[in-house]
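Next come two complexes built around chain A: one with chain B, the other with chain C.
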Partner chain A sequence: MAEKSNALKKLFSYLIYKDKKQVKEFYIPEADEIRKQQDNCKVTRKDTTPPQEQKSKGIKKPVPISGVKQDKNADTQKADDKTISTDITENMKYIKAKFNASVNKDIVLREFMIAEKYKAFIAYIDGMIDKNVVNNYILRPLLNGEKFKGKDEECQLDFILQSVLETNQLKKITKHSDVVFDMLSGNTLLYVNGCNYYISNETKGFPARGVEKPVIEGVIAGAQEAFNESLKTNITLVRKIIKNHNLTTEYIKLGERNQNLCAIMYINGMTNPAIVDEVKRRLKGIDIDINMGDGMIEQLIEDNTFSIVPTILSTERPDRTAAHIVEGRVAIFSDGVPFAKVVPVTLSALIHSPEDAYMRFPYGTLLRWIRLLGMFFATLLPGLYIAITNFHQEMIPTELLIAIAKAKENVPFPTILEVVLMEVSFELIREAGIRIPGIVGNTLGIIGALILGQAAVQANIVSPVLIIVVAITGLGNFAVPNFELALGIRLLRFGFIIFGVLLGFYGIVALVMLLGIYLVSQKSFGVPLLATIAPRTTRSNDLLIRYPIWKQERRPDLLNTLDRSRQPEISRKWTQENPNYSHDRVGEDD
Partner chain B sequence: MIKEGKIGTIEAISISTIFLITKAFYINPGTVIKLMSTAGWYATEISVLGSMLLFLILYLLMKRFPGNDLVGIFDIAAGKFLGKLFSLIFSGFFVYYSGVNIREFVEMIKAYILPYTPPSAIIILFMGIVIAYAYAGLEGIARMGYLSFIVILVGLVIILVLPFPFYDIDNLFPMGGYGIKASLQYGALRSSAYSEVAFLAFIINSLQGTKNFRKAGLISLAFAGIIIGTIILCSLLAFEYPQGSENLSALFQLSRIVYFSRFFQRVETVFIFIWVMASVITVSITFYLAVSIFCKSFKIPKYRPFLLPFAFCTFLVTLLPENISEIVEKHTNFLRSYSMFIVYFIPILVLIIAIIRGKKGVKEKDEEA
Partner chain C sequence: MRKLRLILFFVILVFILTSCTTDRHEVDDQVYTLMIGCDKGIENKVRITIQFPTYKEGGGGGMGKKGGGGSEEGEVSGTLVATIEASSILEGINLLNTSTTRRISFVHTKTIVFSEEMAKEGVRDYLQPIARFREARRIMQIIVCKGTAEDFIKDNKTQIGESLSKAMELAAKQSENSGYFPEVPFQEFYTATISPYRQAFTIYAGLNEFKTIKPLDGENVKKNSPLRTEYNMQPGDIPRTGNRKIEFIGMAVFNGEKMVGSLSSYETRYFLLATGRFKRGIFTIEDKNSPGDAIPFDLRLARMPKTSAHFENGVPVVNVKISVEADLGAIQSRIAYEKVNKINDLNRHLANIIQGGIEKTIRKTQQEWNTDIFGFGKKIAHNFSTVTEFEQYNWLKHYKEAKVNVDVIANVRRTGLMMSSSPIRNNEDTILSKERK
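Moving on to the complex of A and B:
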């Protein structure tokens, strides 16, 4: 019977209207709403919460160290953003409040008595520090009373600073803003009761990648080191190369929320101080929420935001950075990014590769010219192909024209559609190739291009000549040593395709001229982008032809370095001297 | 005043030479051959010498008023009203020059490479480039001029050397052409064809001194004389004078006849490349000068707002001639044969007025140093 009624209920349930179950949905309240709520909470809490003493009535709690022997009558200064109190409780309270320690469990505050005499605490952020350093070289010496024997009561932090702590970098900090920043950077702060300053211990110990091979600036000859995400490591890598007492590093904090540390490096007394000042001025003049590294810095400090070609050189190679610093440029590093930015640069610096300098000069020059040829192909080839096949067939030698026409005979599309189709698919393969995981990525990119090309030709969608054109264009693009410049060239290529299809050769030359006037008007930190050629400066021995190393006697003229000379006129002094073990062939008796 | 920046002597020589030789891409060599037949290639040097002479007189005027450009000198020497009038004549002249040059360019591009493209599309793109160049200013034009000059020289060498199998030395004889009288007469008259060099007087403050002005002017005139002389010579060698005088563009024809094998023939691409380059630089200079002279004469500190109105005027000028023969018969003929009456004789007139009125510029200390 019960079964029957259940079945009946179910049957009815299909027929009868039922109210939908009310589910409350989540929404993000407006900031004002939240503030109002918080204000209300504060008011009600004030009204309802009983005094602390009442609550703890009759319960005995262990007294914290900071509460031991507290002089209740002492008139202690309150700790706030500006002042560091001389009272340990106040300072702990400040740090706890600053870091929301009640909910923020990463903050560690460890109270202890130094040599059973002085109240103290250390503060750090869990995970950012090296625990070994904190345990063995900060806590152990401090807790061990041996060193404090025979010292009078007054001696406190100074003595600890000089003789007790065993960490390599220590500094006094007198501002709360620095205390906060040092803790956030992975340092351990020590405070001893009665002082109005902290001691910051260098204990950074967060995980970082090792120094690995360059990924996008690989070379055959030369060093195989690349920067990593650690700012200190990157600076050290450059310092390792330039062992010069004038090599200077200055730090600037950037980003209001994340306070990312940036460093600028230059050789004091050689780099034109105006460049250094300008770099600092621009960096300090940035007011931004979050700084995610030098890619963002570049966009914030470059001369022209809309420039198609980059006006700041980005490199992941310490040797390249060092070479530029020694030429009189300034390098900008940013914490957390394995790249350095170099300013000011010219276009020629963007098309040079570190390899040029490592190879003997005929090889270096050859490589440079091949790269230039690659740039020419990457920029102009598809545009020229369209212009010539659409407008100026008479310019193609007859046999080649016949070959092109034959290949295109079965293709139903106009040339421009073919080119756009192939260019777009090539760009797709390239972009997808980056995201295809792991080892498959590279092979799949190449195979994808081959198969796609082959299939497109067999399906009579594109002509085989065009596949060759697109392939050479792609190869030329990869020959460009600077990734950002290569991206700029990719953009320009589409411009040339459009002008080529609209106005033929005239359109191409017109765009070349427009590009020309645009480039000669661009500047990188006061240096014209095409300097050495337009405007003309003193001849450079490292422009299109890389002269032998011993012929490069002067630093780039356009940087106005304080020391112009790179090396003396005769840098191979041994050529002027006789070998130690020499004999005169003329007077020799046979 | 407009901030024009500084340009180096080599950059000045480059733009001045391009300005002078651009006409050789057009009908000019043909006209010279028509007027002086086989004597054209050396008689054109008479024009260069004539122009050099007039340029030196202009130099005397500039030396008299150091630290001033021609617009300033007009004001000082001839008074504010007459001075402004002279400046405006020059401004108008350069607008006219730009317009005629663009039209000549368009007619030729239509005849040779883009027969089906509407001329307005060609003109608008060209005007766009010219405005961009003028917007970038003199420094930008000069820098680009220097870069283009190198490319143009290389291109010219290619076009003039490659047709050598077609060169016949007999085509140069009789050397005398239509006789000494005709050569001298047209040679002197066509000094106008080299009168453009006077534009340097308007940008003399960017050249850093009157000595650089003289140097840049004379060297560019010599360069232009050699280049145009060689082009006429090659044209005569390849085509004889009756056919040579009929070529719309001697250089284009020369680039077309190149033939080494079935694969290596016809280098029009090179021609188009350097031709467009030279035309862009030339028209940019004239257009920029038109705007800057106007602004300088009325002491307007910013020239950029005037670019579009002047571009519109220039566009109107390009529409004046009805067809290519009108351009050749009337306009370019006027520019190449009679423009010196404006370009050189107004400054000379001003020099005479200055001498009569005893006006003289103050020597700047920097200049003396």
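Moving on to the complex of A and C:
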């Protein structure tokens, strides 16, 4: 009976309403709640802390050296954000507190006695430093007492600075904020009791990628180096190319939380100082939480946030950066990003490739024109196709028109839908292609070509002519040497498609005009984007036709460099001279 | 952001206000007439025949020909032909939309055909819509055909390839290779009809029923093969057989908007030579030293003809200087005309024939129709100080009074792949190479 009633109860339990069973779930509390909680903790902890410390002292840790001979001076300063105490305990306490060392296990504080006399400690962040350097060139000389023999007891730190430490970069640090930043940058801090400053040792030793081949700016001729994530390496790569004593690097810290180091490079005495000033002004005027590199910097310092075309050149090539710096531009680097930003730029700089300069004159010019053609296709072709097929059928040769009509006979969609469909699929392939794992990546091309090309036509979703149009458009887009410009062009393409389908050629011409007006109004650090064309400047010998290298005698006029001339009128002096080994051809028939 | 919104608003406004988007047509929503034919109507003013391609796969060859009885519709070379009677061309085409499932578009019309009957009554009413209507293009060919335009279009098909439009374009282009007919785009025809300097002319075409060629094994056939050089034929008269019935030969001559007569094939050539339109063609003359033998030349203009005009005692005098070049095609008599001492003879002979031909043709246009298709008026006008004076003089009326001097210089430049015509030896005559001088 009981069993039966149980079963009945269970049955009823499914039918009748019940309160929901309470399950404890995680939630993110408001910041105020957290603060309140912490305040409560502090109150309670005040009573319990001292015994805990005692406990830990007694059981876990051996007595620290700083605690061995503590001459309890009453006049020791407390260490805080502004002042560095002369007492080692205070300073250790400060650093521990600053880095939350009780929890944060990356912070290493190593106490020791210098030459068995002076109390000292070194502090660093585990993993950021080169252990070899710290062990062999900081600790060993310090612990070895021989060098200290015969030295008076005071002013040890200067002596250490000058004669003992064997690291290449040393500096005194008198501010706690710098202490923190140096530690975070991977330097090792040394403190000796009794001093009111630290010594920062250059011991950076975090893992970094080597210098590899450029990924998105590959060339056939020319250097095959690319920047990597290390700021110092990047600057070195540029310095390696420009061996000029005027090449100046300035550092600026950016980012409230991550204190990312940025560098600007220019040639002092040649680059217009106004440009350098403006770049520094804009960089210093940034107040931002986290700076993830020059991609973010670009967005923060560019003239117009909503500009369709980029107004700052981004490059991963040291040679290209160097060439621009020598032309009188300023390069901006950021730690942790394998790119450099170059300002100010014009549109023509964005469509040039470093290859142009490396190739001989006729080839360089040819390549440039092919790229221009590619840009034209990438921007206009789908728009023109739509305009022609929807408004201007008379422009297509009759046979082709009939062929298009025949092919389109079974396609139920209007041309605009076909174009949008194909363009979107193509964009999908591109976007997916970046993220697809390497092994699968190779097959993506086949998938794209097969599915989108063959199958779509066979399924009567798109007409075959369109496949050609989209394919050429895609190829044209890849021919654009600047990735960001290529993105801008992708965006514009959709504009041209819309105008093409609504207004035909009239619309396309109208948008070209609007685009022209828009581009003329854009500026990059005071330089009009279409300079040398729209605000007419002195003729450039490196605009659409790349003149022979020896004909490019002037730096770009628009940069107002302090030194205008790039090279003398005659840069190939040997053409003026007679060869050392020559014979007269006078009298010979030719 | 507000600026952006404002821009967007204006862009949308432009689209709405211009309402251009209503002009949008998909490629396959329309059919493109390749040929328009105009005949005199029975019930209404004009009978229009249009020909447009179908969009079926492999249209033409394999589809077979339908429309045996009705003859209103039938598939010809992947195209359909439709005929309607209406008050005007444009409305007729519009009326055809009632039966054609797609919008009929003019933008690819290659040719407009007028029947001779209609052309003789005047084509004024039908030029306007083509000149004025946006879709019709002024590069279309104008043809006047013998017989009805309807029959003409029904026989407009392609045998060589699949594309009729290509066949039509190339057929008109053959003018450049032969010079038997001119190539006249609508623009030229139309401006000529309204011009005070010249009169209109156009291609004369017709259907060849293959009856003028006599069968080789027929009765009462004498095969003595006489030499006839100037092939003065009318359309449909060329002795030939074949597949394509359509042939373009000669030209229709207009006085204003009315057709007044026609020039035959050689007269057309002389006309083209005199006006500088002649590209090249094989030109056969009879060998005066050996009657019955022909000398074909590959003839072309050496330079554009120079025309000048002035008045002498109130009589307009026109001087035309023509310089032609010729390559020897063959010398049937094997007389060594290539030799330096004989080549001038040949030059003079050729020049005389061409000069005579051109003079005859000009005289024909003067005396028979008084229509200046040569465009001498342009040069005559130089003698007047204002256009009004010229228009008051009315050149087109005075054309027949003009004295036209034609001066032809012929130059046989190349002898082909042979340096000289060696005699042909047989087993009877003894010929020594040295004797031939």
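Convention: the second predicted complex is superposed on the first by the 536 of 590 C-alpha atoms of A that agree within 3 Å, B and C clash if a C-alpha of one lies under 4 Å from a C-alpha of the other, contacts with A are read in each partner's own complex, and residues count from 1 in each chain.
By our rule, contacts are C-beta pairs under 8 Å (C-beta built on N, C-alpha and C of every residue); 3 or more make two chains touch, one makes a residue touch a chain.
Every value quoted in this text rests on a predicted model; they were computed, and no experiment measured them.
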Could you say whether A:I286 touches chain B, chain C, both of them, or neither, answering first, second, both or neither?
-> neither
Identify the partner contact of A:V501: answer first if only chain B is touched, second if only chain C is, both if each is, neither if none is.
-> second
Between chain B (first) and chain C (second), which does A:E394 come into contact with in this model arrangement: first, second, both, or neither?
-> both
Return first, second, both or neither, reflecting whether A:G516 touches chain B, chain C, both chains, or no partner chain.
-> first
Considering only touches as defined above, state whether A:L161 meets chain B (first), chain C (second), both or neither.
-> neither
Considering only touches as defined above, state whether A:L530 meets chain B (first), chain C (second), both or neither.
-> first
Common interface residues of chain A - those touching chain B in one complex and chain C in the other = 391, 394, 398-399, 502-504, 506-507
Per the touch rule, the chain B residues reaching chain A in their complex are 7-8, 10-11, 109, 113-114, 117, 121-122, 125-126, 128-129, 132-133, 136, 139-144, 146-148, 262-266, 268-269, 272-273, 276-277, 280
In the complex, chain A touches chain B at residues 391-392, 394-395, 397-400, 502-507, 509-510, 513-514, 516-518, 520-521, 528, 530, 533-536
The chain C residues in contact with chain A across the complex are 4, 14-15, 18, 20-21, 23-28, 30, 32, 34, 53, 55-57, 59, 105, 107-108, 110, 135, 137, 163, 165-166, 169
Which residues of chain A touch chain C in their complex?
-> 306, 389-391, 393-394, 398-399, 401-402, 404-406, 408-409, 411, 414-415, 501-504, 506-507
